[in-house]
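Okay, handing you the structure first.
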Amino acid sequence: MVVNTRVNIAGVVFVNPVIAASGTYGFGREYSDYVDLNKIGGISVKGLTLQPRLGNDTPRIAETPSGILNSVGLQNPGVDAFIRDEIPYLKQFDTKIIANIAGNTVSDYIEMAEKLDCTGIDILEVNVSCPNVKKGCLAFGTTMSGVAEVTKAVRKATKKPIMIKLTPNVSDIASIALSAEAEGADAVSLINTITGMVIDVNTRRPVLANNTGGLSGPAVRPVAVRMVHEVYKSVSIPVVGMGGICSAEDAIQFILAGASAIMVGTWNFNNPRACSDVAEGIKSYMEENSISDVSKLTGELIMNGD
Amino acid sequence: MNLNALVISNEILCKNNMLMRLFVPDIAAKAKPGQFLNIICSSDNKLILRRPISIMDADAEKGCVDIGYEIRGEGTMLLAEQKKGAKIDVMGPLGNGFCIDDNFSNIAIVGGGIGIYPLYFLAKSLGECNIDVFMGYQCAGKVILEDEFKTEGCNVYLSTDDGSRGHSGFITELFSKTYKPGRYDMIFVCGPEIMSRKVVLMVRSNGERSQVSLEERMGCGIGACLVCSCEVKTAEGIGRKTVCKDGPVFNGDIVFPEVD
Amino acid sequence: MVVNTRVNIAGVVFVNPVIAASGTYGFGREYSDYVDLNKIGGISVKGLTLQPRLGNDTPRIAETPSGILNSVGLQNPGVDAFIRDEIPYLKQFDTKIIANIAGNTVSDYIEMAEKLDCTGIDILEVNVSCPNVKKGCLAFGTTMSGVAEVTKAVRKATKKPIMIKLTPNVSDIASIALSAEAEGADAVSLINTITGMVIDVNTRRPVLANNTGGLSGPAVRPVAVRMVHEVYKSVSIPVVGMGGICSAEDAIQFILAGASAIMVGTWNFNNPRACSDVAEGIKSYMEENSISDVSKLTGELIMNGD
Amino acid sequence: MNLNALVISNEILCKNNMLMRLFVPDIAAKAKPGQFLNIICSSDNKLILRRPISIMDADAEKGCVDIGYEIRGEGTMLLAEQKKGAKIDVMGPLGNGFCIDDNFSNIAIVGGGIGIYPLYFLAKSLGECNIDVFMGYQCAGKVILEDEFKTEGCNVYLSTDDGSRGHSGFITELFSKTYKPGRYDMIFVCGPEIMSRKVVLMVRSNGERSQVSLEERMGCGIGACLVCSCEVKTAEGIGRKTVCKDGPVFNGDIVFPEVD
């Protein structure tokens, strides 16, 4: 059976619904020895800031049961270097380019959006959910008004499709998503990491130099699937789902719950071919289950008791 | 999982230390001293992160790579349980290794603990040099690779923290007694940070060259996630490089930038 | 070295800081073949409601990476049956009795608190955090005003010490804890489960009959440790920590983060002796590290960068 | 972990089905038909929950317990990988088993798929009865314990869903052809819910007695968490009991309460 794995998000057509998650895939080139970048739908690049950032002290990672905690703290070469050095490289491939931006202030977001507006990127992912920086970012993402403010400002600053990346560290993620939609977001992506801490009982100190970090990986998957479903039910813009995806089966959970596309993050560290393996696996699932179009699976969850 | 490496043997080397021989021809053919493997230790993926372990030796003809490792936590413990015949998932060779110059004639190698493993492959690759190897251990029971270095024609200087073998105290003491500016063309260093820092700074303060292999906790192992950053001197001041891709081996001139 | 494992929470002295978590230990008697109930600090009994409840449909449990999702839905014989049938049994042991109550309405909480006031229980644990019932409970727990309202009402209704059990499904757990403290709570316990969902991609239905459930077990531990620390820094009443504790080392992470006592839940299913094993392990840790009094460890975390 | 059970053997019984013999004298001494073990399947605790598996046979003298199981998911897959000599963590015997009355003389046993395993221990324990055993399988390749039941003197009636052995169709069809009120003193049932329900209701509609073993996903396995509830008739209407502790075997009169 011929199956169509293409998905259209805010007018951008991805060859398949698998996108590499921001912060785990560098600028794509690092994985090019392992994955044919033409074979994955998109790449969300490392979170960018207006100025280059050195990030937090090390250690920046800890392994937890079925998860990891990271506190990279947005180390990146800055948006200008990204435009200069990375976009031309990525443009060689079919994969779509998602620029992930994180600001300390609303004007940071505006300035970055303006700089990226006339570049070759496909979607702007507005990160209001990084738990590892002291100022801005997550502070915006935990309230409806903060998300609305950033979304509105970025919406004005660019003609590119914008996707707001939401934090799970909230009581009601569906309302937060609604406030992004109301201010003109073309899509939302979720979940970013859940704030966590691991303590070394011998030194009596947190393992991470930054004390806390963001939890990701399979451990968070049930939480992420639930949140994707809540957001899907409340908004009418596309939802990009992530959190602990390791396999096609995991990806399909998110798609059934309402995701139009999914992202793979942490699992790239375990399996550098994770993104293309998941894409292949989705195709096989479609073939086995006679699903002609992957977008027909989105939201096809059947609730019990209905 | 990409079970590309076959365990040929996995044996106790000394207390808590194991020597594993892998049949993994692709990697053996490319491996250079100072590079490392990134290994899935648990067969059921219980642990998400790979564990970085240096290449201790590689034989391109036989397709074999040796690694030596200490059992420290769950990952290395699971690795130690792998039996002959098992297949494991290994990425490599990763990172930038040591730079070897054909003109080297007098070399010092300073290693501490598990840092000694990658230095063996280095010593074997140095050719016809005169090599002084300074190796520090916790105790006599943990002395590794002594004979192997001797077989390679190295002059071995030994210390143990508790004095149970060789010089009693830190290897840096033994090294600083021997070291004189001009004596070595290059000084290679790998070990605990405190040791590496001491040696590198000593050498640097004399305007001489060293190469040091650093350790840092890793995520991806290939330069993508920036988890393994270390500080280095750059034109603009202090910058950061990845231990996994830019390193693990760095020029002694740029590391530990906060000190000068 | 002689070590003192006793802890005092709101005037109640526990033989050690290990308490069986509500909903995982029945009414204690179920575990008496495996554990000497005199050897564990306390037992928080299955969540009680005013009327007996049958709970949700089955399946009520799903295994997730390093965690489980449950949707029992407060099946219990009702508070009257508890008072009649269970308190006399538990009173035979040194272990302290914590009655966990969950209401649909504020008056439910009041009525249960009144009924329990003149019984042999030691502490009243006010559950405003069960994600598996349609009405009440979690609805109170996610806002400061809801928690304040319930705390205030229960405070008036009983002279027993009250401990408010908090949900992690919030943006700012420290503020929620503060509102409990402000209304007279003697302690807080956290975390209850995080709402999650697992989907069977073959049936395209959630695995749990109730669709969503509460995530617990090692997967949530880093989140729980972080939250305990946040709450500890903000309130001055004792904090009881839980979430994924399997071993003494895990327990000590919580204690260092600020817990005066800890609870073991999910891990009892894996190891029916978990509570007493953790208690033993804490004692060994104290002996090895020459800690004379376990309460001296509470909050002894050293932050990096300070 | 409480590694109280020694794996004596773990062998393929038929497609996807394994027979494991455990040396676990405490449990063997106490085991009754219908009771189950609750097993940690992964040696590194990757899986949190134990898996309930019925006792298929027990030999108090030898200290052995047999279990038969089908590989269905990760837990049973890991259990299948356990080798002879391994030690595993087993709780048991758990639950209430079948009630056996010395006055029984004519007995029917109806089982489907993995539900057949516990019925073997039952048949062995029934003594001098006349026993008709009705066993339904997916296909000929999954027929288990046929000879064993015959050796115990049972009259075996067989069906397969695909008709590759015995009656073609469901075992309930074969049972309903044979069953007549008054023919059996007790009817024992274990299998897929749809099968059990059919048999129990048929028998109950004739005012006759049955005992049925139910399945439910479990948390604690000892009656504490109420994860494994099932509905039963009570004096007040519909109540709930735990499959793990009140069951897994229930009187046919009280289960499936919603139907009458």
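Lettered A, B, C and D in written order, each chain numbered from 1.
To be clear about the criterion, contacts are C-beta pairs under 8 Å (C-beta built on N, C-alpha and C of every residue); 3 or more make two chains touch, one makes a residue touch a chain.
Predicted, not measured: the structure shown is a model, and the values here were computed from it.
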Problem set entry | Least step count from chain A to chain C, where 1 means the two chains touch | 1
Seminar exercise, completed: Note, CA centroid farthest from chain D's centroid sits on chain B
Exercise. Taking each chain's centre as its mean C-alpha position, how far apart are chain A and chain D in Å?
Worked result: 47
Exercise. Using the average of all C-alpha atoms in each chain as its centre, how far is it in Å between chain B and chain D?
Worked result: 57
Exercise. Cα centroid separation between chain C and chain D, in whole Å?
Worked result: 36
Exercise. Counting only residues that touch at least 2 other chains, which ones in chain B make the list?
Worked result: none
For this session: Give the residues of chain C that touch two or more other chains, as numbers and ranges in rising order.
Result: 66-67, 217-218
Exercise. With chains as vertices joined when they touch, what's the shape: line, ring, star, complete or other?
Worked result: ring
Exercise. Which two-chain combinations qualify as touching?
Worked result: A-B, A-C, B-D, C-D
For this session: Quick one: which bits of chain C touch chain D in the complex? Just the residue numbers, please.
Result: 23-26, 30-31, 33-34, 46, 54-55, 58-63, 66-68, 70, 72, 75-76, 217-218, 266-273
Seminar exercise, completed: Within the complex, chain A is touched by chain C residues 57, 64-67, 69, 142-143, 169-172, 194-199, 201, 203-206, 208-212, 215, 217-223, 225-226, 229, 244, 249, 252-253, 256-257, 285, 300-305
Seminar exercise, completed: chain A partner, complex, touching residues on chain B are 1-2, 40, 45, 47-50, 91, 216-230, 238-240, 245
Exercise. Taking the complex as given, what residues does chain D use to touch chain B?
Worked result: 42, 44, 46, 78
